[in-house]
Structures are given as structure tokens and as C-alpha cells.
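Following are the structures in question.
Next come two complexes built around chain A: one with chain B, the other with chain C.
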Partner chain A sequence: MGPDQGRLTMELIGEVVAWFTDPANWTGTNGVPNRLLEHLRLSGASMLVATLIALPAGLAIGHSGRGGLLAVAVANLGRAVPSYALLLVFLPFFGLGDAAAFPALVLLAIPPILVNAYTGLRGVDRDLVEAGRGMGMTELQLLLRVELPAAAPVVVAGLRLAAVAVVATATLAALVAGGGLGRYIADGFGLRREDRLIAGAILVALLALVVERAFTFAERRTLLPGDQRRPSTADLAPPPLQSGLR
Partner chain B sequence: MRLFRTVALGATSLALALSACTSGGGSTSGPTTGASTSPSTPPSSEPSGSAGAEPSGSGTAGGPTIASTLVLAGPPECPERPFCLLGLQDTYGLQFKEFRPTDAGGPITVEALKGGDAQVGLLFTSDPAIETNDFVLLEDDKGLQLADNIIPVVRQEILDANPGVADVLNAVMERLTQDELTKLNTAVTVDARDVAEVATEWIEAQNFDAASAGIEGEITVGSTNFYEQEILGEIFAQMLEANGATVERKFQLGNREVVFPALQEGEIDVLAEYAATALEFVNEGAGEATADAADTASILRERLAESDLTALEPAEATDQNGFVVTRETADQYGLSKLSDLAKPAP
Partner chain C sequence: MSNAPSRAATVEFRHVTKRYDERAKGNPAAVNDLSIEVPAGRICVLVGPSGCGKTTSLKMVNRLIEPTSGQIVIDGVDASTREVTELRRGIGYVIQQVGLFPHQTIGQNVATVPRLLGWPKARQRERAEELLATVGLEPARYRDRYPSQLSGGERQRVGVARALAADPPIMLMDEPFGAVDPIVRERLQNEFLRLQEELAKTILFVTHDIDEAIKMGDLVAVMQVGGTLAQFGTPAEILASPASEFVARFVGADRGLKRLSLSRVRDLPLQPLITARPGEDCALARQRALADPFPYLLLVDDRSRPIGWIRDADIPATGTLTEALAVPMSPLLNRRTTLKDALSMLLDADVQAGIVVDRAGAVVGLVTVDMIADRMRDTAGENRFGPLEPDAQEDDAAPTGEGPDGPVDTLAPPEPVEA
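Coming up: the complex of A and B.
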């Protein structure tokens, strides 16, 4: 059994390599460029809408410090619902195709963006904010010139987490007749064509890695001078205690 | 300075996403009632079904066929399978407007039909969804699918001792139409009713002749983990009991790979099977099954005889690939069988 399986694995690797080198897999509707574009389109649109919703909300809550615990609790609750379940819930309303996956992906991306924006802003040194206020800055100036620059790495980390999750989860669209790289996985599974299935999985993993690296790079660029590379406070960090509570 | 970089990053991702939106465009069409609940326009994706894609197929008469105006939904492997799209093309000469990959006879295909994203869908012929959604199962009038008619498989020893067993079970097969089987499945899976209760009710409704078979001794009825086979097993059991047998039920035994050996070894005596699938299981995929239930059943009997088993008469009811349309589509185009789809479009 052992050597036999080893031979099978080698065969499979050969098949996957053959899949990638077959020119037919690089052209047309089902070619890698088109599927990649579809995948980026769906992921990008989901990220855009999620960012438009979650970032202003997170910044507002983080700046004012009001309703933070509630927002974080609701956001975390939302993250407990599997995207696959949401996909089937939205299906009757949005119909087949990427349209049903889109709202599920938006809901997937909102929690990390919101929670990190909030946590990042609350983590900004209060003395810094008070100094700005003492200089006569308006609340908007405080947010944009003091809090956001200081909190940027954490905020971007939220975007990174959301983007990686969205890119990986956008494969679900294929289950409801959508496009994207998930097509290879769903079709490969249905046809029992392992080469296609594995090639699809590799492409999705590579894309997720590229997205992750791009956002990590952006995170580094947003560090303030003299600031150490902060541990990416991931997304689940409890909201920092408010100073001067008593 | 730093802010600029943040903004630049934001702008880049915005540009990426915006390009996505502009290339999307149209809102989701379709008569789904809840569509208005989405404030934002979902990104369109695949060439949507309602877009002006020109029908690729034309009928033998030259003009477009009904099929060429309809969208087919089925599992992703359908376009490469002889019992799915390939067979529809070769056997029926059907070319659909579009194929949309959904699932293998599951909820996504059902939703696609209900929402109007597809007009023809591949389900299993005894799927309760056909009953609950008032779908119309198109008759496979050119015999594309292998005959997976319900058929009782029985140990020869039992029949030799009690020939009445064959009469009792064949009487059940005679009444088991496609409609009846689908209703039984619906009662148990959708209405969540007790299997024994559903079986009793069905038997009463059939008004079988009064118990006369005079069966003696013990008979063990088996079933796989599949609800449909369990319902049929329960009906067999109650019918045999009513005719004098002492019945032991061994349901939920696992899959065919477990249940068939149990039958051969005499652990169970009676099992509700599917003619074509059972035949191809026994002959190890020799490809002897056909679309004809009687032919398939007789070959099955020959193959089973080698292990002292036999099969009785096949029912009309099947559980196999079935193409369905909504009642609305059926009425609109006058569809009742698959070959109707090849008629010229109105």
C-alpha cells in the first residue's frame, strides 16, 4: 500500500503540473486569467462595500468611545455565522451566481475591519489626543491627524485579515453557479478531476498569500517613525480600557 | 506623510474595487420577491442568464427549439456526463441556452428553479422537492436514464418456503407509482412524520385484498440508511405481517456495500432495491443495465441467482436522474416529456 500510494502521489503531482502547463487552461472563460479576474472582482467589490460600512463605523465608535463594546459584540457574533450558511440564506433573494456570494462576503469582511478600527483607535495614547485637543484641533482633525496615523497599522491589519478571508471564501460563489477560482474546485470535485481541484486550491492559496503580503507591506509603511513593529493585535484583542473612567 | 500613504493604499484598493463594480453593471433580474431588500447593486458576475446571449442551438426544423430558450441547472459535472447534458444532446438533440452549475439534486438547484435563474433542473425522480414545489417531472420518453425502478430483492430460500411472499410484495410494487413514492418521501422527510405511521396509512389507502397469502415463519426485512428504502422496508414488513409472517426489521444497516453481503449471508431476507444500480453492483459494473425496467429486472434475476437471491417485479416508481420544470414553465410551453423540449420555440 505504501509504495503504491507514493506512486499515486507522484502521478497526481505530475497531473497538476500538466494542468498548469496546458495552454487550454489559460485561455477562454474557464482559463486562469478570466477566473482570476472574476475572483478579484468579487473579492474587491465585497471588500469595498465592507470597508465603506465598517471603517467609518469603527472610526466613529473608536473616536467617541461610545457603543464600542456593543459594536464589537455584534461584530463578533456575526463572525460566528458560517459564510456557507449565509450563501444559502441569500440565494432565494439574490439568485444564482456571484450575487448570492457577495452579501455573504461583505458580512464576512465587516467584523475584522470594524473591530480593528475600533481597537486601534482606542489604543492610541490618550495624552497624544489630549495634546492635540489642547492645540485647538477639531474632532475631525484629531481623528485624521492624530488618531488615524497612530492607529493605522492596526486598522490596516483589520483590512488584511478581512481581505485574506474574503479571497479564500470567495470560492464559495462557485457552489451557486458563480465564477472565480472556486469554479476549478467545484468542477474538479464534481468531475472527480483531482488535478483541476488541486490546481484551483493552489491558485486560491497563492492569491491569498499575495494579498496577505501586500497588506503586511502596507501595514509596515504606516508605522510612525520610531515606532517598533507592533505585534499585529490580530482582531480579537479586547477593547482597551478607557482612561480616566473614575 | 504617513497619512498620504494610508490614503494611497485606500485609493488603490478603491480603484481595484471600483473597476470591479463598473464591469459588473446590471442588477440581478429575476422575479424573486426579496430582491428589493438589497440596497446596493450586487456585482454581476457570469454572463447573466437574462442577458442577450444568443441561443447556441437550433432544432432539427431549423428554427430555435424550446430548449434553446431555457437555462439548465445541474451538478458541475453534468456537461460531461452521458446521463446528463451529453445524453440530452445525443439522445434528445437538445441544446440549452445556457448551463448553470449548481448541485446534484439539492437545494441550490431547487432554488434556481424557484427563482427563475434556470427553467430546467436535474433532480432525483422521487425527490420530495418535486411534490412540495409542484414541479413537473418530464418523462424520459426516449429512455436516456437506466431503469432504477424500485424492485424487491429476496432470498430464494424464503420464496421457496413461502411463495405467498412474492404475491404480497408484487402487489405493493403494482401500486407504487412515481407519485405515490414521492408522496411517501415527502411525508417522512418534509412533514417529519413517523415512518411506521406513514407506511400504515399508505397500506390502508391501497385497499389491498384481505390477508390471504398465509405466510408462515420468520422473515427479516433490511434497509440501508436511506429514508426511501426504510419507508419501503417498513411497508414490506407491515404487509408481510398482515399476511401471517413474523417480521424482524433491520433498518439503517449502512450502504449497499454492507447490506448486499448481509442479504447473501442470510442476515436479512428482503430488501427494497433499485433495478439498474443493483444490477451494476452485482455484475461489478459490467454495463448490462438498460433503460427498460423489465429487461434490467430479468438480467438482475439471472445475476442474483448465482448467490441464491432473486428479484420480484419492478415498480413504476424510480429513483434516478430526472429533469424537472416548474408548473409555470410546463404550462407555458406545454411540456410533459423530455422530447417536448426539442419542439420549435413558440
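Coming up: the complex of A and C.
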């Protein structure tokens, strides 16, 4: 790194700061609030649908203990295919824009939610389940009153992993002419406007960080008193999923 | 308990067999042709070595496990015909590892079944508090804690409270006091026996500890590996006449001593003894004392409470009796003291005779080592499996239903009555 390089870096930082302080970047279709909203809308919708599919499936498999291998196999298959490839796969069917990104994000979010719900439930002490069943709980009562509360930290950790991955990956929507914060990156790249590109990257990173913090907070809430210093529950889920998504 | 105890139910196993692997017909079953009948309001202990099918038998009652063949009949109704959740809500269940729900407070845990039954919130709470008090946990202190904040013994109490919550006529208890140290276990056992005197539930109680079985059971079913019933009877019957080599070995070589803990001082015909008060004339007292074979005179106060022994030979020829003449006292027993405790105290004492006193502390009679030995010989059963002398079988030692009672305070000397 020569002095030249250093000067350039300083200049770039100045430009990025200028980008953030330029009121023009905070209004209109291409303003930060609108792009953020688009980003959250796409991520939120994907998470919602993925949760509606994966959570009941994971809980059902975890509760009954049947179909566990199948679930893991499906989940792993989903993870093996890169999101970018998925995006392109859906392009012909859904056309340009968020519509193509949406199913790709849903498929991205399903594995961690499914697998954590499944492993979380499987990890619940069998004695608790036995006690509940022996006292006359129905299977649904067992699931909702015994298994889910006991597995909550792991289940929420799955949601966290999925949410962070979705928020980060939603950036790719811009590549297929969608909206969201990814626009800054795609446009910055296309127009060779480094300030915009870096500003976009910073925004995406910040958002992912905020989402991660929010879910971690929720996870903590599910821990029991006297249990506060338990290691991060993310560690409880199977390792391959973790490394693939973080 | 404010609620009147619910009616207890009879529980009957009729030729119950459980094979976990039904295809392997040759395999030993987990439970094999088990037939026992537990009368309402009694504690039946299932005891046997690990893996002999105790837990399996228990779980077939609340249908966590379905029998391969045979029936379990509760109050005349085949359990398999009852709606399963309804059946289970009427059977208290204490599992081997307690199984409290970690994410629920103690109060919520105890109210589990009332909640399932849809009781109003306020009544659930009230009931939980009542039961915590019943099992000796101060409600205000424990209600809002979580299971992880309790000691092992406290958790076991909560487990029992939870099983009692809806006042079920039947209780299944799988090694309920297994995970605590012997001292706490003994206390929990005693408390539970006292509680059962009021509750009079029908209880199936699993343990692998023969001493616990003898202590807790009105009836004891000894099981052996392969899930067969080795013997079914009262603790006294099983100790006095083991039905097989296996039972004899399982109850242990010290079963004679164990039998001692089933009989109490009140089961013995007490020996009368000579008493005198301070201030009595020595010559007269001596005359009376020498007329009796027992070589001591007991000095008592004006309420007949013992002060101490005076050896017949040491009574002065003239004057009056004084407390200074008395030698240290023998152990005081009451009618509820077990013969085991009595014998142990007698062996330790200078004068090997136990003074039996009533609730007011007044002397009622004497127990000697010989009397205890006679009693044991008289109640020994005829059997081929041990060194006991063949003799007429007599089972008034601990008749069914009487059971062990008030075992904690048997060692305590009776409190003197306040005027």
C-alpha cells in the first residue's frame, strides 16, 4: 500500500460519507427509505412463506420422529444449490424482478428453519414428553406446551439463520432487475460509481447485523432463568448448516 | 387437604404380557403373564432387579405402553376400552426422572393436570399452593421458581405434588425418591406414608430397593428378569417365607433383621415390672422387688414417669428410697417403636430392657431382647430357602392395611405432658 493508495482510500471514504449525507439519496424511488422498504418487504415475505412451510413440517417431523432423514436430505439438497443459480432457474418462470428472487429466497430459508425445528424438538428430553403424555396431554398439547417451549432457543436460532441469510441474499434480487438495497450495489457496479456501491454494501451489512441482533435478543428471551449464560444456541444445530449460512 | 380424598380404585393385572419385539416369539418378554390385584387404597410395590419389567408394567396402567396380551382392569373396567387422555388424567404419574417442565414455574408444573381439565385459573393456582404446602414446600417461596432453581429433593416433592394435583384415585410412582441421598429419601418416604394415611390412594410404586419396598408396601410384588412374578404378598409374608431361592436371595440374608422393622412394640405382650416412688420405705420396696425375677426396680415419679433403675441388691435395708440410688436409665420405647429400633437400642444399653411408656410418658411395661427373639421365632414362616426354623406361620406382624406408620418419631422419647 503506497501513499497513493492511502490517499485514494481517504478520498473514497469522503465520497461515501458525501453519498450518505446527500439529501437526494434519501428521497424518491431510489432513496434509502424506499430501497430499505423494498428489501424488507421481499425478505419478510420470503421468511413468512418459508416459515409457514418449514416450521410446521419441522415440528411435525420432530414430534413424530418420522421422516427425519428425508427432511434432512431435502434440506441439504436445497442448500447445495447456490442461491444465484436458483435465481436464474426461476427467471424464465417468473420473469425479471422480485418475483424471480422470491422463490429462491424461500428455498434458501427453508433448510435452516426446518432442520432446527426438527433437531430442536428431537433434542427435547424424552422424560418431559413422557411425563406430559402420561398426565393426559393430547399430542398437540404436548407439542405446544412441552416440546416447543423446551426447543424454543433452537427453533428461534433456525429462524435467525434463515433471516440473516435471506436479508443478505435479497441483495441478489437487483441482479434480476428487482429492487431493494442490492440496487445500489448493482447500479454502482454498472455505473462504476464506487461510492454508491460501497454505501449499498454498508447498508446491507448493517441491516443483516440489525436482524441478527433482533433474533438473538428473541432467542435470549426464550432461555430460562438461571440458564442465561448458556452458549449460543446456534451451536446446537447441525454444524454443516451453520457454516453454509453464516 | 381441603378436598375430601377421592374414592380409590382397584387395579388388577390379568395375565398381562408385554413383548417389545412381537416377531421374536422366542425372546423373553419384558413382562410375562403378570397377574396381581391391588385393592383400593393400598400401596403395591413392584420390586426387582434392573430390567425385570417394573417400568413396563407401570406404563401399561396408563397405557403409555399397550400390553401384548392380557388386560389391566381398573375398578372392573378394562383400561384399553377407556379414552386414553381421560384415563391418564385420572391417574397420577411420577416418572423415574421427575420430568418437571423446565420452562414452567413450579406452580404451573403442579397445576398441569388441572389446567388440562380446564379448571378456572384461580382454582388451579389455589390447588397448586395447597399441594405445595402438602408436600412441605412453602408456596410463597417456591411457586414462582423454576425447576432448575430447586434441589433434587425439592424437585421430587414437586413431582409428587404434580401427580396429586387432580386428586386422582390411582398413582403410579416410578422410583419417585430415586435421585436423592439416603437421608432425604428416608424423609420423603416418611412424609409420603403419612400423607397416604390421609389420601388413601391406590398406589403402584416401583423401586429396585428391597428395603424401600418393605417400608412402603402394603403389598409387594417381587419380579425377576424375564418379567415374571416371583412372589406377591405382604412384606411380612415375603420376608418370613420367601417363595423361591431367587426371592430369598433378593430380600437378602438379613431378612430376619428386616422383619424386625415390620413389627412394633405394641405387637409384643409387654412384661410387667416393679416400680416404686422416691420416699417409699426401702424394706417394703425390697420385699416387692425380690419377689419378681427381674433383678431391677424402676424408680418412677408421681406421674409414673421413669427416673432410673435400682438394682434389687442395692436397695438399702432401712430408710426411704431416693433418686440418688438410681442408675442410668434404659432406652425409652413407645408402642410404635419398631422392633428393629428397639433391639438396636437394647443392645446398646446398660440394662438390657426397654421401658415402654405411653404418650404421657408413664411406664406401661418392659421389653427384653428375649421377648423380641421369641416373637421372631413365632412368626417365622415355613420355608426351604433359609435357615429359619420351621414353625407355624402367623401373619399378624404387619397385617395388610396397617402398614408402617409414623416411622419418624419412633425414636423420640415421648414428650412429658404439661399440666
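Simple rule for what comes next: the second predicted complex is superposed on the first by the 223 of 246 C-alpha atoms of A that agree within 3 Å, B and C clash if a C-alpha of one lies under 4 Å from a C-alpha of the other, contacts with A are read in each partner's own complex, and residues count from 1 in each chain.
Simple rule for what comes next: a residue touches a chain if its C-beta (ideal position, glycine included) is under 8 Å from a C-beta of that chain, and two chains touch if they have at least 3 such contacts.
Quick caveat: nothing in here was measured; it's all calculated off a predicted structure.
When both complexes are superposed on chain A, chain B and chain C sit side by side without a clash. In the superposition on chain A, A:Ala177 contacts chain B only, with no contact to chain C. With both structures placed on the common chain, the touch criterion links A:Arg66 to neither chain B nor chain C.
More residues of chain A lie in touch with B than with the remaining chain of the pair chain B and chain C. Annotation: apex chain A, arms to chain B and chain C, angle 160° (C-alpha centres, rounded to a multiple of 10).
Looking at the shared chain after the overlay, A:Pro149 reaches both chain B and chain C. Legend: residue contacts after superposition of the two complexes on their common chain; A:Thr138 is shown touching chain C, with no touch to chain B.
Once chain A of one complex is fitted onto chain A of the other, the partner contacts of A:Arg213 are absent, as it touches neither chain B nor chain C. When both complexes are overlaid on chain A, the residue A:Arg7 reaches neither chain B nor chain C. Think of it this way: put the two complexes on top of each other by chain A, and the tightest Cα contact between chain B and chain C is 7 Å.
Judged by the document's definition of touching, chain A residues 145, 149, 152, 224 lie at the interface with chain B and also at the interface with chain C. Of all residues in chain B, those touching chain A in their complex are 2-3, 5-6, 9, 13-14, 16-21, 23-24, 28, 30, 32, 34-35, 37-38, 40, 42-46, 48-49, 73, 75-77, 80, 100-104, 107-108, 111-112, 114-118. Those residues of chain A that touch chain B in the shared complex are 38, 40-42, 44-45, 47-49, 51, 88, 91-99, 102-103, 144-145, 148-149, 152, 156, 159, 173-179, 183, 186-187, 189-192, 218, 221-224. Only residues 59, 62, 64, 84-89, 91, 93, 95-104, 112-113, 116, 146, 148-149, 162, 172 of chain C touch chain A when the two sit together in their complex. Across the interface of their complex, chain C is touched by residues 125, 127-128, 130-138, 141, 145-146, 149-150, 152, 224-227 of chain A.
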